[in-house]
Structures are given as structure tokens and as C-alpha cells.
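As written, the chain order gives the labels A, B and C, with residue 1 at the start of each chain.
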Amino acid sequence: MTETKTPIIQIRNVSKRFGKVTAVDNITLDILAGEFFVLLGPSGCGKTTLLRMIAGFEMPTEGQIIIDGQDMSMVPPNKRPVNMVFQSYAVFPHMNVTDNVGYGLRIAGVAKGEIRDRVTEALELVKLGGFEDRMPDQMSGGQRQRVALARSLVMRPKVLLLDEPLSALDAKLRAQMQFELSDLQDKVGITFVTVTHDQDEALSMASRVAVINKGEVAQLAPPSDLYEYPANRFVADFVGSVNIFEGRLTLDEPDKAAVDCPGLGKVYLNHGVTGPHGADVWVALRPEKIYLHVPGEGKAVTAASQDAPDGHNFARGTIKGMSYLGDITLFEIQLEGGQIIRVSRPNLSRHDQEDFTWDDKVSMHWRADSPVVLLS
Amino acid sequence: MSGALQDWKSQKRPFAAIATAPVFWLALFFVAPMAIVWLYSFGQNVGPASIEISGTLDNYKRATEWLYLSIFLKSLAVAALTTLICLIIGFPVAMAITFAAPKWRPWLLLGIMLPFWTNLLIRTYALMALMGTNGYMNKGLGGLWEGASWLRTLVGMQPLEAWTPVQLLYNNFAVVLGLVYVHLPFMVLPLYSALDRLDKSLIEASLDLGAGHFKTFMKVVVPLAAPGIVAGVMITLIPALGAYLTPDLMGGTDSQMIANVIERQFKRANDWPFGAALSFLLIYAMFILIALQSMRANKVKEVR
Amino acid sequence: MFNRTAIAPLEYTRKLWMRSWVGLTMLFLYAPLLVLMIFSFNDSRRNIEWKGFTLKYYEKALNNDSLVEAMVNSLTIAFLATIVSLVIGALAAVMLWRFRFPFKGLVEGTMSLPIIVPEICLGVAFLIFFAKIDWPTDLPWPLNLSAITIAHITFCFPFVAMVVRARLASFNMEEEEAAKDLGATDWQAFRDVLLPHIKPGLIAGALLAFTLSLDDFVITFFTSGPDTITFPVKVYSMVRFSVTPEVNAASTILILLTVILTFIALKLQGVKGIAQSH
């Protein structure tokens, strides 16, 4: 993954308006060859429109899409070096599996023997060997999706586009398909561009994720950066669960920073944030990065002061809600200022959930590398 | 929905209250009249106003004479041609409605349905007025003729002879045109509903896999719209086969269709038994068409 | 529409040839009717040249007693046939949707026959039937319309049943069960839950029945006695013997009536509802 990559798709200032509604607003981004690229965003954010513009089913109102160095403005979908796996799979109901998968090759006029070989190969790749003569309505949703995958892969496209590939599958199958898609992408080496509204899907499969909000790119980063270093409140909130507090930046040096949050207390970070001093900022704190202590605050204060000055990264509250989820227990704690903070705690041993209960006074601390300061 | 079905025995009173009127009406005012016609078809005239139902098959024998058989076949041919033309005109229209912007779609549909709601006789009459020797269609053709003539003079050729209005009405052409005019909405609506149900991403998938619009149309759209095409064909063919008004008003002496022959037996020739036999032959023809269609539908189901 | 974005692959309707095709089809469908309507105001007995605006043919049409009588007869028949068809058709739909009973397939099949059997055959059947049972033809108005009305109901109510049944298919039985759970009787549940659900079907069915009845020529032609004339039968005889601008005027009135009816239905249901009900 370290060799220098060239962009296979270049999206240049692309906008798409439907009447008065702007679906895609001046997006510019590059997708690199061999990458598993995910467009992530809530429904209606414009991610599917962007994908459909790459495939050629929608025309940009403004801007340009370049695939493999070639401007696609005048190229119809049937002439583009990309193939798409549709959300509904769009498996032709009147053709059996072999005819579905071989459809594109037949259109391209590939020789019969070669079609047979390539169809067999593609079906093996998606683990559908033996299904050649099935009709689509004799197959499950997961199997139909594999047909759609094989039908696109057999064309050996430069880029494979996947529109919400896992949304119609049940939870278990979805998890399995996530691994299989990553695995498949590794094997065939084709660039995958996937659209999803599901953050788990994006985090588990992608090499890079573009979070889209209201037609604009909110952040473009690898999955772990997205989670640990969200660029703004939208991304912090959309990817994973997070507590956000308003505050004022009181200290900002290359190796440390501090924010004064009226709702939470003093927050100390062991890195700089390069924001204007005294500015209004937001602090994001993930629930799993907060340590919960049994009533009595000695331990919490001691733990917090290990990597932060006295009185920082420490808070008190009352447990107002608890939900036991098996692997973790989720707490809703009312801080002294009245705000609610969510804290999750792993159940490391069998009776851990019994440590706390409703209306317990508790104290919390977090490490100096945990909070994220957001400027917007 | 089958779970909602209730046995009539468990609900005798509500069932009686609901079922009596429709069943009674159907038996008295549909089954009984049809049964009388059926019985008459085996009868013969014994006096000026009395018919004896003798069980004779003479009426049917006479109906299969070439004179009547040829009219039957001709009716079928005219109806089939009408259906084909409606299909050719209607398919792109149905496509256009399906893929029109959502705000235009209902209005286009309304545009197709409004003539369907307008009185058949008035529409036929309006078309006739347009097609008369002094009508606009003749004027239009005359304009084209003169244009062609003028073009000929431009390239130095002799101008064409002066335009003489052609007889557009009272021939087989007029009958087919009239039937197409009247039945076009019947074809468009089922086609539209089939195309509307078609998952648009199937078309996109075909384009995405490299097929052009024409290939996509032939390999994806037509096979998947087949039930709608069959429905449209049946819904056009059946009334066109039994059409009375259009051939009567717009046809010439040689444009008689089977319905006109039946009418003559009752209103002029006064040979009711023979008319009854012809009626039932027409009904049997309908049954055969419908049976063919349902056989095909069953076959498709088995293959799936 | 002012839109410069390139035509996307599935925007077939934006393609020029497609638009021309639809335009020409609409022209084909509407030009005859429009010409007829325009020339009903033409001050000339011959139809082809515009000689100036006049309403005199409307006056003539409205003073033509037999034409007015035919129109009144047609509307009366359509009105009566619609009401009875609506009741019988709705009952038939509920019967077929709700109950399991012996010979159900036979009843269902028979009920669809009036839709399939050619008009001419149905007309013939009524001619023979009413002659056979000596249905009186010299009754006072409106009883003299009874034979025609009966015939119309026979071919209208299966259409109503079909439309209502399609609507019933989308009914969620749990709604009725919920009503009963909350204490409603059978009748109350029917009135408060089922009836509101099938209302669009009833409106569409009524509109269809009214149009079919008003439209019918062939069956009426065979069923009507010597003294009862309906509008289509009257127009038919006028067209056969002489084309007069009065017919244009009367036809225009009927076309406008159809359009008005359509728009009332639209107001009640919205364009979409109408489109879906067919």
C-alpha cells in the first residue's frame, strides 16, 4: 500500500442540482488506483448521486469527471471503463445466472468459449460455483448480490462501483460480506468505490473514506483517522458515538493545549491544536475513552493528574441511566453542570456491571490524548 | 390476504346480505339472456315472429360457409393490424410517460385517458369530419402534394397534376385508422403500468454492462414488459374484433366486420337464430384468445 | 423547461424524437376533437372554412327537442346505472374478497364475462331477452328507460367490482381487527374502516360506470324501444343521414361535460389517484 498511486478517478468541482435542490456541491477529490474508497454519509447527502455521476447515469450540472485520464463528459455509461453493483442488485429476472454474468461479454462480442471460461472464473471468485442454471428468483438476496458482483467483475472494469452493497442483507451476512468484499478487492486488485450510510461498513472495509454532508466533503481520511481525529463536529458525531462540549481555547502550544468547558470542566491535551487563542471551540470525547471510578474521587484525581495538570481531565456526576449490552455497559451520567455525558465501560469480568447503579455519585477521568478539539 | 377469507357458513347472514344482489342480478340479467341467445342459435324461424328451438346445427353450418368465414378472418386481420399499429405507436408513448419527470407524468397519463373517457361516437364522428373529402386531412395532403409539385418545378421537372381530394373515408384504411384512434389509449395504459413496475436499475445495469439503448430495449425492456404487452394486445384485440360502430360508420361496402353481419341478422334480415349462432362464434373466438393467453401465462410461471 | 445539463441516459422523455412522437400522438388524439369543438362555433353549414363566431348552433341544438330529450335520457340512465352499479359492484367485490363459498370460481368467472363478451353480443342478448319476456315499452318516463338502464347496469357493475376489488387487495385486515378490538360491531367496523379505505375505488368505479353508460351506443341501440332515444343513438342517426353543425354543438357540450367530470374526480382524488385507479 506504500507505492505512489496515481488517481484513477478525478472529480473536479462537480456540482449536481435537481431543480432548486443541490445534491452535490462543488466536490473535488481523487480516487487512487487499487484503493477501496468509501463515500459515507447520511441518506440524502448526495453520495449516491456522486456515484451515479461516475457511472454516467446522472450528468453533472457543473464540473468534470475524469476516469483513467479521460474526460467522461460526453461518454455514455455503456462506454465507460467502470461497472456498477446496484443497490437492488438489478439482476435480470428473465435470465439464469450464466446468462446474467455473461451478458456484458455477449454484448461486447467476446467469443463463446472465452465467455464460458470467464463466467466460470467469475462465479468461482464470488463462490457461486454450481449455481450456473439457477434463475434469480430461486436465490437469496445474498446470492443475487454475488451474481451482480460477478456480472460486473467479469467485465474487468478499471473501477467497480458499489451502491449500498450491504444494506439489504441481514446483520450476520453483512458482517461476512464485509470481509469477503475486502478480500475480493485484494484478490482482483480493482479499485472499489462504495457508497454507504453505515459507519461500521465504511470503517471495516475502506482504505480511505470521504464523509459527505449536504453535498460537500466533510472529511477525507483513512478510517482510523476519521474516528480518532475527526475534522469537525459532523464527522465526530456521524462516525461513532461521541460527547461534545462547547468551550474556550485557553492554551495552545505545539505540545499542549487546554480548553475550558463550562459543561465539563478543564480539558487538557498533550498536543497542540493550532486554533486561535480564546476562540470558541468544541471538545469531543468518545464514551469508551472515559474511565469511571467508584464514588470517592481520590483515584480519579490521581489518575488524571498522571498526564495532566491538577484539576484537568476530571469530572463528577450522578448515574441517571444504564444499559447493559453484554460486552459493555453504557452509562448516562449527569454532570454537575447538568449536561449528560455518555460513558461506556467494558465488562472485563462477569460481575463488573454490578459495580455501579442508578443515582450513584461517580467520578471520571480521561487521558490527555483522548479529547479532540474541533474548530467547526 | 388468503388468511382474510371467511367461510360463508360461519357468516351466513352477512354473506346472504352481501351476495344476494350481485348473484341475483348476474343470473337474471346476464346468464339468462345469454342462455336464451345460446338456445336460439340451435333454433329456426318457423313463422314471422316465432322461433322453434329444434336443436338444429344448420345455423352453425351456415356460419362456416366461406362468405361468413371470410368476414370472420377479415375481422381478425383488421383487429390484428389495429393492435399492431397501436403497439408500435403506443410503446414509445408509454416509455415517454414512464420516464417523464414526475410532475409531468400524471398530466401525460391524463392526456392519454381523457379521449378514452370521451364518447366513442363523438370521437368517431370527429375523426370522420377531419377525414372527409373537404376535411383537414385532405387539405394537408393537398398541401404536401403541392409542395412536392413545387419541388419538382425547382429541379426543372414537370409540375404534378392539380390535387384532387382523395376518398379517405368509407374504405378499409378508414376502418383501421378509426379503430387505432379509438383503441390507442387501451394499449398505452397497460404498457405504461408494466413499464412503471419495471425496476429502472435493470435498464441501468444493462447500459452499465456495455449494451446500447437498442440492445437494452430488445434484451431487457421488451422481455420484462412482456406481460404488459400481452395485456395491451388482448385489451385492444378483443374489442377491435367485436367492433361495430367504426366499420359501420367509416367503412365501405367491403369493410364489413363480423359485428355488422350480426347486427344485420337482427335489425334487417330478421334471422335471429343465425345471428345468435354468429354471436356465439364470436364469443367462442374471444374465449380461444383468452385461453391462449392464460396458457402462455401459465407456461411462463412454470419456467420461472 | 430551461435546462442545459446534458441528457442523462434514462431521461428518454428529454430526447427529441421521443418528444415529437408523444406530441404527434397527442395531436392525433386531440386534433379531431379540437377541430370539432372549434367548428361548433363556426358560422357556416360547411365545416371547413371559418366564417365567424356564432352560438346559433348551440341555440338550435338546445331548441331541438328530440336532441335535448336524448341528452336528458342519457344522463338519467347514466346516473341511475352508476348508483345501482356502485352498490352491486361494491357488494360483489366484498363478496369475492371476503368469503369462501361453493362455486366461487364459477361466479367470479361469470362476473368477468360482461367485460369480455363483445358489446354486440350483449346487445343482441338483451334484444332477445326483453322481447322474450315482453318487457313493456310504453311506460311513462322515466320507467321507459328501465330496459336500457338494466342493460347498462349489467355491463357496468363488473367494472366497478374490478376496481373496488383492486383497492380491497391493499386493505390491511389488522385495521378492521383493531376496530373490533376497540369495541366496534361488524357494521361499525365496515362503515368506519373498510368503507373509507375503498372510497377512492368507489369514486373511480363510479366515474368509470358513468362514462361507460354515457358512452354506450351498441347495447343501447339494441335495447332501446322505438320511442326511447339516448344521445349516442340520436347522434348516430344524425350522422348517418346528415351532418349538421348542431351535432358539433351537442358533442362539444358532452365533451365539456366529460372534462368537467374528470376535473371533479381530479379534485377529489388528485391526478395520481386517477392514474393509479386504471
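Going forward, a residue touches a chain if its C-beta (ideal position, glycine included) is under 8 Å from a C-beta of that chain, and two chains touch if they have at least 3 such contacts.
Since this is a predicted model, take the numbers as computed values, not measurements.
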Greatest centre-to-centre gap (Cα means) from chain C is with chain A
Chains sharing the largest count of C-beta contacts are B-C
Rounded to the nearest Å, the gap separating the Cα centres of chain B and chain C is 17
In whole angstrom, the CA-centroid distance of chain A from chain C equals 57
Each of the following residues of chain A touches two or more other chains, namely 56-57, 76-77
In chain C, the residues touching two or more other chains are 9-10
So chain B residues touching two or more other chains come to 204, 207
Listed in rising order, the residues of chain B that touch chain C in the complex are 1, 3-8, 11, 14-15, 18-19, 21-23, 25-26, 29-34, 36-37, 40, 89, 92-93, 95-97, 99-101, 104-115, 117-123, 125-130, 132, 134-136, 139, 181, 184-185, 189, 200, 203-204, 207, 213, 238-239, 241-242, 244-245, 249, 259, 262-263, 266, 272, 275-276, 279-280, 282-283, 286, 290
In the complex, chain A touches chain C at residues 56-61, 73-74, 76-77
In their shared complex, chain B is touched by residues of chain C numbered 9-13, 18-19, 21-22, 25-26, 28-33, 35-36, 39, 46-48, 87-89, 91-92, 94-95, 97-101, 107, 110-111, 113-114, 116-122, 124-129, 132, 150-151, 153-154, 157, 161, 169, 173, 186, 211, 214-215, 217-218, 222, 231-232, 235-236, 239-240, 243, 247-248, 251, 254-255, 258-259, 261-262, 266, 271-272, 274-275, 278
In the complex, the residues of chain B that touch chain A are 199, 201-202, 204-212, 215, 219-220, 223-224, 304
Per the touch rule, the chain C residues reaching chain A in their complex are 5-10
